[in-house]
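Below, chain A partners chain B and then partners chain C, in two separate complexes.
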Partner chain A sequence: MKHSKMTLSAETMNLGFVKKVEQLSGSSVRRCFQCGKCSAGCPMRSFMEHPPNRIVRLLQLGQFERVLAGRSIWYCASCETCTTRCPNKVDLAAIMDALRKLSWDAQGPSKESLVQLANRLFIDNIRTYGRQYEMRLAAVFNLKSGKLLKDFMLGPSLFTKGKLKVFHKKNRNIGEIERIFSRIEELRRKGEAT
Partner chain B sequence: MTPAKNILNYSYYPGCSLHASAKEYDESTRGLFKALKIGLHEVPDWLCCGATPAHNVDELLSLSLCAKNLELSNQVDGDLAVACAACFSRLKVTQHRLAENEEKRHQVAYALDAPLALDKPVKHLLEILATDFGLDRLAAAVQKPLSGLKVACYYGCLLTRPPDVPELDDCEDPSIMERVIGATGAETVSWSHRMECCGANFTLSRPGVVLKLSGEILASAKRGGADCIMVACPLCHGNLDIRQKEIEEASGRHYGMPVFYMTQLLALAAGVSTSKLGFGSMMVSPVSLLKEKGLL
Partner chain C sequence: MSRIGVFVCHCGENISRTVDVEKVAAEAGRLFGVAYTCDYKYMCSDPGQNLLKKAVAEHKLEGIVVAACSPRMHEKTFRNAAKAAGVNPFLCEMANIREHCSWVHEDRDEATAKAIDIVTMMVERVKRNKKLQPITVPVTKKALIIGGGIAGIQSALDIADSGHQVVLVEREPSIGGHMAQLSETFPTLDCSQCIMTPKMVDVVNHPNITLHTYAEIEAVEGYIGNFQVKVRKKARSVDMAKCTGCGVCMAKCPQKKIPNSFDKNLGFRPAIYVPFPQAVPNTPVIDRENCTWFKTGKCGVCQKVCGPGAVDYTQEDEIVVEQVGAVVVATGFQLYDIGPKPAGSAIEGYGEFGYGTIPDVIDGLTFERLASASGPTGGKIVRPSDGAEPKSVVFVQCVGSRAREKGISYCSKICCMYTAKHTMLYKHKVHDGQAYVFFMDARTPGKGYDEFWRRSIEEEEAVYIRGMVSRLYQKGDKVVVMGSDVHIGVQVEIEADLVVLATAVQPREGADTLAQKLGISYDKYHFYSEAHAKLRPVECATAGIYLAGACQGPKDIPDTVSQASAAAAKVMTLFARNELEREPIVAKVNERFCVGCLACRKVCPYGAVEEKEIRDRSGNLIKVVAYVNPGVCGGCGTCQATCPSKSVELDGYTDEQIMAMIEAL
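And now, the complex of A and B:
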């Protein structure tokens, strides 16, 4: 990735954004002293423009546009290796969750955020059925992402192996599940939850 | 040994995959527990734990779904037995996060519209077998020793991370899987990638990630001299087993490495009929390996 020159001043540093990330993630961003252990152990490092420790450094400098641009935040696998190894108890996996939420809320989907499309369909399935309907999840993802034939060749053998459950019943308590979703939305409307 | 140990009884949260793509994990878990005379009773009306996607998108929803499952689990006696590493992790994370954060506790109670009931101990099958049942009794229950079978125990991410949450074993150097399968006489190999990520839920959105990460895991198990890999997570299983042929095609390397759920191997050793172990559901067939080792 091309690195453009960074000028730091009150105008170019968005420190309110850092506070938002800390509040959402429940983790300090400021405690990081750049030892780099998170990036050394990150299995997804090779897919990211910014390694995890640089993400934190850019956050400390209020450079949220650089953090949210590109693919880095969308390629975190939530494996928790960084959180486990941080000597300063910076919960980087939770910070990545917070960044994805802030990015999606502010900018909507991008070409890099396919994983979040899959995640959202996964959650829609819970709201509709209660339990995950794997076959529908894969089919709807392919439809919505325009990758119609992805894993098409796996279908017949999964079916033969009994791994594709074609029919799926809704939970008996689906009303209670819907209520959880709508009450969370209500909390957010009232400004009582982020 | 206390008499109470002879009447172990658990409530059971199978999780979504165990009713679908990982049904062999469910069948072999039930078969194993029956053979060991451990009670296992499914929680009625349980719902999806939200897994990784829920907390990636909405932490409050993730905590609420798990809190609802913990509430539902109180309908059945006994600590909550969980097979899937991801469900186990999410349920434990929820107990931890809500114990330490009053504001979130209030929000989740509001979402559930009920007082929170989060106290039921959540235990992974490994913990039940190693600690509650005990390795000596497990070894004594073996009818078909797995001697000569070289097993690479694969922990993946969520059985031990983040620290302080799963409380299953050391978060960097665990041994519980090796100890449990070792009780059957199986040989466990030493290998480098037992705690590396398999690519997880990128299997749906970016399968290329899985081909790289899971490919490295298969290569490492092969280097370690393993005959097979043992897992405790349906997503890891899908990535290592279902995608193994694609990984071979992409890398030009042949593995032919059967990937077992831990309970398939344990139930085999405990003498459960092979018709109940779901070997036919595995994409990489273990039949020739098990025949070669005299286990089929």
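And now, the complex of A and C:
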């Protein structure tokens, strides 16, 4: 996919998808003139098969399949270095957010990627406990991902430093947090939130 | 003469870094005839010049040698200083110890020794210099403009408005040039015709402008202030005085299928025609190659229908001689042709783009005619092959430009902007169409230019792809474009309905021949050379000849108009004087020794040598000798080198002086 020839025509360029990304992110995609400053400063660049500037370039050509096929958008740490430094006011971090959202909704090719799994467990934890419960997050993640011993040796040192707790207290205002989640779900049902 | 001052300059560190200037000054002081020497950091500065003036007064100096930079740089500066100090300026000479010495040598001792030699030679020369007086020549206050495009028109109007006479010569039947062919102009998208035609009408109506259309320059003689120009007015076959421009002849002409070159051969015209309806002058010409009367001797329809009887088949080329004081060259450009390499051309064609055989591959100017409201389609954008509206158009930039392999290494400057404009014009006319642009770089330096280019991408939704196209080929009724997006690193293929190539800007064919007639220089591409790239950008090295527009290098309309007005201002500066002072470095004939062989006349590149008869008091011819017209002589010295009897010498460069300089070594 990465090296295959690209045929451009009104049919192969999904410019409707680009409009959706622009709407969601509130940032222009066409405005980017490929200076490459985003990729130059991106701390996650070495993990991505498409660096940030290429993501935007693929979007400009309406090649959303190529964008979503890879894991690049999930490696983005949302540090916003790109957005802060962009000379042309392209909010790349917001575009990455929008792409992740669209990938998720579209049951995108990387739906089952570990990053997405981690994201989901993270949110589930917040909803159940009102705060992050690291021990549970790690345990469930390792179970579900099938990588049972992943980062296992980090446990003891985190434990002695008090970063991991076996038993976890729920947030006192767990009811209020549940109300936030319910409200977002309701808004989504009505189509008022994305 | 025995009181010479030698002034050695450090030129900051330019000279003193490699040459021991103090030693040069000290050694010069020992030379016979040198009365004063000194060295100074910046001799050309105000304090440096004052040093010179003071020394002249205090030491009663009679000759000056300034050991510094090239005479091309500061000879004038120091001669003016010498004049102010009361010394004849031609007794002041430069010893070039910068370009000829410090800049080209590394060894300090050797460079210093050479600098001393150079100074010694110049001292010997100054000893033998004569007090020369500048030559004055009259100025004919009438300008010749070659080329009636926007550059020539602007220059002509500016000079004519200042009250001077102008002769405008245009090769085509109408003035207007390329700008008259354009649809709309960047970066404001105003209609080219709407801003151009009023200026064309101003030219023809201006009392100070004489217009010669369908005419070419035959020969140019003379020098600044005094040129004689022969203009060949090609036979129009229509009497301009009688013709009313009614157009009946064009309507009745039975030849209707001659491709119209003004419309890039997209439309047709009759054999008697004006190139376009807004032509100035609105007088038709007969294209004798295609006219039935001239081919077979039968027809004559246009003559029969012409009410005022203006059609005249017997008309012949006419030579008009104009006396002018200045020439503005504004011959403009043409577009590179991707077709096969013509014989004798250094420029290659494009085999990978089909050598111009694919009908739906056109150049930028053809697209302009398609998009123009006055064009052959009335402004409707269609494909040349089948007249269908193209739904996908691919624009390719840098075709021919920046292609060393094809023989052109320069950037054509206007293509980035006009391609952006084309994408907009296309989108405005074909709303559901998609424009693609293959580009290597986007070069948009100009007021409002980058914003314009960005607008074509961000608002008009043109898809720009960075990368050059490798190949174009026909597939069914589509043209397949094979390119690459270098940002992503993948090959890109587009099946296009129409491909527009932004081909390189080249000087007009025949630019070199005209330059030879005018005696001006040109570069390897045949663009005319300015005297100095930064400080004298509108003047030729040949005095009295100025440049305007794309004949000097690729230029857009704003730059062309600016340069045209600048050239006009230079002409007005020249015309502000009644007489010109010329350097008196001219050849003089020793009539006692001249045998009248006139070998000098044969070699003189300026045509300055004439015959002169010497008679006694009763009028008997004693002998014929050569005479050098000081107003025409360019001071090149060719006659001096040629003369077998050594009887012609250039002032300031006599054999005696040269020999003395050599002997001083």
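Operating definition for what follows: the second predicted complex is superposed on the first by the 185 of 194 C-alpha atoms of A that agree within 3 Å, B and C clash if a C-alpha of one lies under 4 Å from a C-alpha of the other, contacts with A are read in each partner's own complex, and residues count from 1 in each chain.
Following the convention adopted for this analysis, a residue touches a chain if its C-beta (ideal position, glycine included) is under 8 Å from a C-beta of that chain, and two chains touch if they have at least 3 such contacts.
Quick caveat, the model's predicted, so the values are computed rather than measured.
Peer 1: Just from the overlay, do chain B and chain C fit on chain A, or is there a clash?
Peer 2: Superposition result for chain B and chain C: fit.
Peer 1: Let me test your reading of the model: by the given contact rule, A:181 touches which partner, first (chain B), second (chain C), both or neither?
Peer 2: In the superposed model, A:181 contacts chain B only, not chain C.
Peer 1: When the two structures are laid over each other on chain A, which of chain B and chain C touches more residues of chain A?
Peer 2: Touched residues of chain A are more numerous for B.
Peer 1: Name the contact category of A:34: first (chain B only), second (chain C only), both, or neither.
Peer 2: second
Peer 1: Between chain B and chain C, whom does A:143 touch in the aligned arrangement: first, second, both, or neither?
Peer 2: Touch partners of A:143: none, neither chain B nor chain C.
Peer 1: Just chain B (first), just chain C (second), both, or neither: which does A:173 touch?
Peer 2: After superposition on chain A, A:173 lies in contact with chain B alone.
Peer 1: Between chain B (first) and chain C (second), which, if any, makes contact with A:81: first, second, both or neither?
Peer 2: first
Peer 1: Mind working out whether A:13 is in touch with chain B, chain C, both or neither, as first, second, both or neither?
Peer 2: In the superposition, A:13 touches chain C alone.
Peer 1: Output check: A:54 vs chain B and chain C. Expected answer is one of first, second, both, neither. What do you get?
Peer 2: Touch status of A:54: second partner only.
Peer 1: Using only C-alpha centres after the superposition, what angle do chain B and chain C make about chain A, to the nearest 10 degrees?
Peer 2: 100
Peer 1: On the overlay, how many Å separate the closest CA atoms of chain B and chain C?
Peer 2: It comes out at 23 Å between the closest C-alpha atoms.
Peer 1: If I apply the document's touch criterion, which positions on chain A are contacted by chain B in one structure and by chain C in the other?
Peer 2: In the superposed arrangement, which is not itself an observed complex, chain A uses no residue for both chain B and chain C.
Peer 1: Which of the residues in chain A end up touching chain C in this complex?
Peer 2: Going by the criterion above, the answer is residues 2-10, 13, 15, 28, 30-31, 33-34, 53-54, 57-58, 60-61.
Peer 1: Can you list the residues on chain B that touch chain A in the complex?
Peer 2: Interface residues on the chain B side: 16-17, 19-21, 23, 45-48, 50-61, 64-65, 68, 97, 101, 107, 110-113, 157-158, 161-163, 171-172, 196-197, 199-202, 204-207, 209, 212-213, 242, 280-283.
Peer 1: Within the complex, which stretch of chain A touches chain B?
Peer 2: Of all residues in chain A, those touching chain B are 24, 26, 43-44, 46-47, 75, 77-81, 83-84, 91, 93-94, 97, 100-101, 104, 114-120, 122-123, 125-126, 130-132, 134, 137-138, 141, 145, 150-151, 154, 157-158, 161-165, 171-173, 176-177, 179-181, 183-184, 187, 192-193.
Peer 1: Once bound in the complex, which stretches of chain C touch chain A?
Peer 2: Counting only chain C, the residues touching chain A are 391-392, 434, 436, 454, 457-458, 461, 463, 465-466, 485, 487-495.
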